[in-house]
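The structure follows.
We just call them A, B and C in the order they show up, numbering each chain from 1.
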Amino acid sequence: MSKEFEKSLPKLVSKIADNYKKNSVLLINDSSNLVNKEQILKVLNQLRRLIFPGFFDEKKLSDNTIEYSIGDLLISIEETLHKQVKSALLYQNHINGSDGNVNFEEQADKICSSFLESLPTIQEYIMTDVKAAFDGDPAAFDMEQIIFSYPGIFAISIYRLAHELYKLSVPWIPRIMTEYAHNETGIDINAGAQIGKYFFIDHGTGIVIGETCIIGNHVKIYQGVTLGALSPKAGQSLKGVKRHPTIEDNVTIYSGASILGGDTVIGKNTVIGGNAFITKSVPDGTKVSVKNPELKFKNSKPEEFIFDWVI
Amino acid sequence: MSKEFEKSLPKLVSKIADNYKKNSVLLINDSSNLVNKEQILKVLNQLRRLIFPGFFDEKKLSDNTIEYSIGDLLISIEETLHKQVKSALLYQNHINGSDGNVNFEEQADKICSSFLESLPTIQEYIMTDVKAAFDGDPAAFDMEQIIFSYPGIFAISIYRLAHELYKLSVPWIPRIMTEYAHNETGIDINAGAQIGKYFFIDHGTGIVIGETCIIGNHVKIYQGVTLGALSPKAGQSLKGVKRHPTIEDNVTIYSGASILGGDTVIGKNTVIGGNAFITKSVPDGTKVSVKNPELKFKNSKPEEFIFDWVI
Amino acid sequence: MSKEFEKSLPKLVSKIADNYKKNSVLLINDSSNLVNKEQILKVLNQLRRLIFPGFFDEKKLSDNTIEYSIGDLLISIEETLHKQVKSALLYQNHINGSDGNVNFEEQADKICSSFLESLPTIQEYIMTDVKAAFDGDPAAFDMEQIIFSYPGIFAISIYRLAHELYKLSVPWIPRIMTEYAHNETGIDINAGAQIGKYFFIDHGTGIVIGETCIIGNHVKIYQGVTLGALSPKAGQSLKGVKRHPTIEDNVTIYSGASILGGDTVIGKNTVIGGNAFITKSVPDGTKVSVKNPELKFKNSKPEEFIFDWVI
């Protein structure tokens, strides 16, 4: 470090400290006790090992000892999750300036119990998603391949776990979980969305599924699909309003399609073609295809081209 | 953990154990011996250090000692890969219920040898990809920058390695490798695709290249391009059929274009414009551009807008 | 390892060593001293903890001790960054074959000082981005959620840091930083782009912002937007030319839109509709919406459909 910089360091330090004070969200408070992302990812990893035993484990598992491993995992999941849930409740209480008379320990107990009680059902749902991926993808050799490596299953599994915590009104943690899946897969499913059984996402990169979507059973979605909002105006004023579409059972939506609006309902047994842009409801059993933009063909040597598009 | 939850734990454990038994793919079997993702990523990391010496290493390398480092890396790659390949062969045999008389040790020996023998050629191919990226991208200051940080080179390198294992019919490992690249880059290249020299991917997020694609030399592809399938019906019935297009030499495909179908051939020296949607063959030396959707312009203050699109 | 392979190993080693010699970029040189990606990511992580104290830390922070933590972090950031900047300068000098009379130590001192001096301003900019995300997103419960988990804030923060190093002409490091953000988020912002305050990216996957873009204040961009180049021809000949658009203040660009070309200016208070493809300037206060491709509706049972799009 240069002498000059050493001299300027104290001034720099106090400038940054001032920024903390100027921005309440950054204001340090001894009582504050934020959630810890690493710990939340640790819980997700343990949950994944619980749902798919032996797939993401070094440890050999056996029929005879499997119940011990399950019990052991559940206890450790509860312990880690409980700490994070309690931190989230405490910190939310602190920023909301609510009264301190709530028993956060007890509240975290209740939340963790209901979450863990729901795991067998979540696991059954995820198994229907694995089956849907196998039935839907000719490139899938077996279900093991899907569990090992399909981003869709990774994102849907994390969404199903996060959705359970979302329903229990846990702050931050559900979104941290689904954004972790978004980072890993490019599939952005808001923890608030409601999604039925046998949900299949192929490829997945660029998919966006909004907070107030309702999706039925046996729905298939391909890369780049947006289930988004239409709105007279954006922003905080819309919190809580149903802004995203409803997709009924047995609907397939091909790549790049956008379906928008809280009143838009895609009826059951419908197929939406690639790149469709839909802002109104579609009746049951409809096939919607797109009259694609006209193409101009010009036969000439490449070096003669005047390119007129993105490089 | 609350007293109540402690009481309910045994019931919860047996519910999850039942799920394992109900779903054969999850059924634990002492003989089962699945592949380990961490170990496969370790091999990929060692292969990357072998292909680009000094770029992803702490260790200083020197002309005089380089052959020792290469030999050392190769031996360690063989050791780790061999274990994973053998596990994959054993486990596949177990789920297929095939007879146990195959010598998996020997089969893994053969597979690892042919894979490692092919590394010099794979490395030469990857160097052509680096040169293509440098020639194609005005934002590239030098080839070092491309090797250090371009997602396209990362994804193509892993695809070229995985494709070799795919040709050797290794189960799971090729897809685990290409999905790792997909996670890291948003570029989804199926290990089964056949891709020539001097392949350039720019930006890359959202690219999908299907299992039965055939791609020539000097091909350039930009973000959001799908080389996908057209089909009378989806699913397992199509396994093995050529479902994805053929792209001949010196073709450039701009962002957001979709080229679909196993009989679709894009002739050499062709340029496909951004957002084109193509389901039929295109002759050599054609420039295909899109008559883009008509735009409506309305001059007014933003607060007056009735927005009618996704937020 | 099989006997056969052991025999073939020396030949394999020398083939790979030959590849290193054939490709100058891979040629090992004792004096060479490349940058180290792990160390650069370590600096990014420390900078993130400096900008958002307590959010990504195990360590409890307190009003009274905060200045010590800041000073401590800054010293450690300077130390790690200085080593990497000096390596980058030395190695660039080595590949450019420039004369060795430059004092790289001093040059690295200057670069690190100006970078660290700029941190308070960068932090203020990032806080405006957090506020813009909160005001713009009805799914945001509070700013904490945005700092914890929004990919847009992650990508913009890293861009703002990398851009400072880009302005100081540091080789490799800025691009390594922005490609790390691209890997994590699918948001590809070139470190050369110039971006004003209150920048909001929602969802973000697939966004590409080119090297010579100029973006004003209060701009909102959604997933899949490309701010790209138009060009008579691609490649190295265009280095330095303004190839990407200018976006003025208070512009909103909805998902999937492409705005292309260095002379294209989107005037202030303009709204660009989803999927718009724009290659010419748009005057202030314009609403641009897309006449979307015509849809064909066909009512029939799914099993009767002849699908004619991507699967």
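Basically, a residue touches a chain if its C-beta (ideal position, glycine included) is under 8 Å from a C-beta of that chain, and two chains touch if they have at least 3 such contacts.
The shown structure was predicted, so the numbers you read here are calculated from the model rather than taken from an experiment.
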item	value
Subunit C against subunit A, contact positions shared by both copies (same if over half, else different)	different
Inter-copy rotation, subunit A to subunit B, in degrees (Cα atoms; steps of 5)	120
Centroid distance [mean C-alpha coordinates] between subunit C and subunit A, Å	23
Set of subunit B residues in contact with two or more other chains	186, 205-206, 224, 226, 228, 234, 243, 255-256, 258, 274-275, 290, 292-293, 307-311
Of all residues in subunit A, those that touch subunit B in their complex	50, 52-56, 58, 60-63, 66-67, 70-71, 74-75, 78-79, 82, 106, 109-110, 112-113, 116-117, 119-120, 123-124, 127, 130, 134-145, 147-151, 184-186, 203, 205-206, 223-224, 226, 228-234, 243, 255-256, 258, 260, 274-275, 279, 290, 292-302, 305, 307-311
Subunit C to subunit B touching residues, read off their complex	1-2, 4-5, 8-10, 12-20, 23, 25-26, 28-30, 32, 34-37, 91, 95, 171-172, 175-176, 179, 182-183, 186, 188, 190, 192, 202, 205-206, 208, 210-211, 222, 224, 226, 228, 234-239, 241, 243, 250, 252, 254-256, 258, 269, 271, 273-278, 282-283, 285-293, 306-311
